[in-house]
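Chains: A, B, C and D, in written order; residue numbering restarts at 1 for each.
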Amino acid sequence: MKKVDLTTQLAGVKLKNPVITSSGTYGFGEEYAPFYDPALLGGITVKGITPLPRLGNPVPRIAETPSGMLNSVGLENPGLEEFLRTYLPRLEKIGTAVIVNISGFSLEDYALMASSLPENSCISALEVNISCPNIQHGGMAFGTDPRSAEEVIKVTRKHTRLPLIAKLSPNVTDIVEIAKAVSGGGADIISLINTLLGMRIDLKTRKPVLANTMGGLSGPAVLPVALRMVYQVYKAVDLPIIGMGGISNWQDAVEFMLAGASAVSIGTANFVDPLAPLEIVNGLEEYCRREGYDSIQELVGLAHS
Amino acid sequence: MIKNEKVIENRVLDPGAGIFKLVLRGQTAKTARPGQFVHLKVSSTMDPFLRRPISIAGINRQLGEITLFYRVVGRGTSELTRVKENQTLNLIGPLGNGFTVPRQGKLLLLAGGIGIFPLFSLIEALDTSKVKVKLLWGAENRQFLEAAGLKTLLEKNLDYEVSTLDGSMGHKGLITDLLEYYLQAFNNPSEKESSILAWSAAACGPKAMLQAVTTICRQEGLPIEVSLEERMACGVGACLGCVCTVREASGSLVRKRVCKDGPVFDGGEVVWDEES
Amino acid sequence: MKKVDLTTQLAGVKLKNPVITSSGTYGFGEEYAPFYDPALLGGITVKGITPLPRLGNPVPRIAETPSGMLNSVGLENPGLEEFLRTYLPRLEKIGTAVIVNISGFSLEDYALMASSLPENSCISALEVNISCPNIQHGGMAFGTDPRSAEEVIKVTRKHTRLPLIAKLSPNVTDIVEIAKAVSGGGADIISLINTLLGMRIDLKTRKPVLANTMGGLSGPAVLPVALRMVYQVYKAVDLPIIGMGGISNWQDAVEFMLAGASAVSIGTANFVDPLAPLEIVNGLEEYCRREGYDSIQELVGLAHS
Amino acid sequence: MIKNEKVIENRVLDPGAGIFKLVLRGQTAKTARPGQFVHLKVSSTMDPFLRRPISIAGINRQLGEITLFYRVVGRGTSELTRVKENQTLNLIGPLGNGFTVPRQGKLLLLAGGIGIFPLFSLIEALDTSKVKVKLLWGAENRQFLEAAGLKTLLEKNLDYEVSTLDGSMGHKGLITDLLEYYLQAFNNPSEKESSILAWSAAACGPKAMLQAVTTICRQEGLPIEVSLEERMACGVGACLGCVCTVREASGSLVRKRVCKDGPVFDGGEVVWDEES
């Protein structure tokens, strides 16, 4: 039986296979270790880090929706310093690519984190989450305006030589415009999508279910929107894409690769099926073998033509 | 940690209250501790989407069986009622830290409504020849108490007292009334219960009740463990969906994950009315 | 037993109850008549009409998604003339409010339809679908740019005295900005949301499932996004709202009314459960009775505070 | 039009081919006609989301039962296999126009793969003492033919011929080979089949096969009805999801809804290679 080449090269980042776990859904790589060895994955992305520790939003932070969920965790995280002191050393032993997701509310926040996260460590890339409200520009998210999206990436770029992944928000009129902007700003890779803004109301209290009123929609419900955005960005922008949004099984992962994703990231599916990322690695390999592809990368973008 | 367990029994105990008993055979029973929970996949499709956390109410290591009790309140628990005997059910577990199981001394159990369920496994685990147990249980009415396992308590010959909102059984009123009455009794050296210092408490129920009983116990110097509930997504500590706030010895506030760092916490540390 | 007042006043439009069926999901009011009498509903919205007849897109036009579906019907319709000749006379007998959904590719299209649809007929209001590509402005949808959204409504307003419902597209960065624009343009009512742009890929053909590549996502999957937009627009704009997007049962309908919708519209749910609109009317009445509301309109916006 | 019908039988006929037989008791049998279909709710939740169209393959008015055959190809049909006897299944139907049922003359039936299923109900409805019937059925292999109901045809004593792609039964090749062979035979007055003019055809199968057999029949002047398949949402004509294109007598192209105006169309009117 011929071996399928699952290795994946994303700009400067080399992965064993194209399956990554998504920021905010995989902790700091420890919670799912009792289920399987994370070293079997292409990579993991840690929870979004901010310069200072954050308590995040009050509960309830979770609401269920048809084939999906809302979260309003509010970027709870231990902060940059504690991450460097406690979590990073433990991640050194994880045996797979580590992507650090960084979130900020000002350009200085991004600059600080980019310059503080070591280039010679287990960190393979920084994923720049541009979905946070930009407090310097009136609270609209960095990622919803092409100019501020570009600026964030530019500033971050200046402060690190690590490969930069720009993570785009889907809550925009024109995702291609934003993708071009972050490409212009010097991003090496584009990851999409972050969560769609949504809400639910509790019939008993007659108030929003989430303490924070609105939250981010993720899971299978958003898959068609995510896939469409990957398809559009692949057509228009010449950077490798990490596709995510509702991927639950290898079939979904194949759809994203056909649409143009070079790698896929698994988020909410972890909650429902902790083994999903592993099963997707195996499913992709099996699919390539059955369909006669020698390398997984042959799939990328095949739906275009 | 994730496995399919065989459904031995899935049966309604009381159609009125919508309370079901679910017995599962598999590996979970081997290592489960009182106060832990399992995270159940209630549907084979994407809807309902999330797993549902249910406390482990009984652990039978010989048979390799755990017993759960659940109340039907929404779509997830409704789906669960459709699972048939001899089918398998996918679960993650056992999860969480569980209650401290004292080897000696006196344990006051405080249950509000279905908060009784995790306490069942704690009662089961206690060596009642060495630990004196008293249970106070508050609920809406007699029907609920009977539906939710009062008979089990009688069979166990447990020292208990109940309160109901409508007075259909036991004290008419809240469990806090009972609690205050008994704490006074414990404090009174002429009573046979003797000194309050030998007592600790373990509680499970609605948040407001847990806050109230914690306040009372703390006033009397009684250490109390509370089992919290929160909406959960992952159940394993990865999503930060289910946090509560705890005041550390240093005075600083930290978030704890109910699923992973709990569900059982030192009641005295929990910040109840936090708004940040 | 006290009777609950279900009547609903939307600007100039009076409805028996707040439950309407959505454009494109209820034909011209005839297909679901074998299931129940449409006169029991608050109103129906007919399929989007264009000045000329349209064959629409090739098949496949339908794809299933988790808790939702994609469609790319492509505005197939008999055209204005045939609508006036054949369908409108039949609608006169339907016994409930008739809303005519109009779609155009130029400002003249909207002007023509507004001036041709009779003011003294069974037509209670025109719903202006601004999600179509604006061929005068390079193909971006009218509804994704506040200025062209305002312009479309202004032009339509000039040519009819019928109440105007502006139907908004959710594929925008800032729904409130668009809602304000159509309010400025003279809309009497706002309806939201139209479909989210999405796609799926067929693993067998490795090509998009829909012949038209992308399509509109609807059904329960989009409910959290729709509800959020209703909530946001209610807070910011002082026009009555018709809420839609994934409503499948009376509980969903209550959520939309609490968020700020004065009426709700049922679309994709018809396909799965043809009786859904009727069950929602009954469920809303029952809910009000149980909870002690004398009028359904007391629910509107209660989640705000 | 919408109702819950009782599941009398839901049984795999051939695990290899994944073909199931489903018998439902209810009101549909009263009015159903051959070639119509029902739109089944395969899940009690929102996922899988849409109903699934399945042809009515048998109609028993006495018992009030309809028989369906379905092949498991995806999530919807998989869910359907889980439905148990004595449960109810929600359906909309009977839907669509159905086949013309001739009272006399000669009817050529053309089936491709599972396209045989709607033809079963047509065969059942024919008075074979007055209508001469010949069935041509093409499939992948013998196993499929046997799984999909070959025995039923034998029992009915039907005049049939099969083709298989692998030659494991009947003619090795396509159904079009069989069709051309028999049409020649009908055309040959020395053969006992006599004149071709008495014949008409009814066909169901994949689109490419329907197009091919329509072309052949039209060349020989045979009227042909085809039953089309298309992805459906509503099933009742409301969504315009399932259209095909038809050339009207006037020459203009119009869209027809497969669910409501079909699924049976005059093969000669269907525009097969339309790209608009």
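Throughout what follows, a residue touches a chain if its C-beta (ideal position, glycine included) is under 8 Å from a C-beta of that chain, and two chains touch if they have at least 3 such contacts.
Because the structure is a prediction, the values reported are computed rather than measured.
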Overlap of the chain A and chain B neighbour lists contains C, D
Counting only Cα atoms for the centres, state how far chain B is from chain D in Å.
57
So what's the Cα centroid distance for chain A and chain D, whole Å?
47
Provide the C-alpha centroid distance between chain A and chain C, rounded to the nearest whole angstrom.
34
Chain D touches at least 2 other chains through residues 46-48
In chain A, the residues touching two or more other chains are 63, 65-68, 219-220
In graph terms, with chains as vertices and touches as edges, which category applies: line, ring, star, complete, or other?
complete
Of all residues in chain A, those that touch chain C in their complex
63, 65-68, 70, 140, 144, 171-174, 196-201, 203, 206-208, 213-214, 217, 219-225, 227-228, 231, 246, 251, 254-255, 258-259, 302-303, 305
Can you tell me which positions in chain C touch chain D when the two form their complex?
24-27, 31-32, 34-35, 47, 55-56, 58-69, 71, 73, 76, 219-220, 248, 268, 270-275
Which stretch or stretches of chain D touch chain A in the complex?
46-47
Contact residues on chain C for chain B in the complex?
66-67, 220
Residues on chain D engaged by chain C in the complex (per definition of touch):
1-2, 41, 46-51, 76, 92, 230-245, 253, 255, 260, 274-276
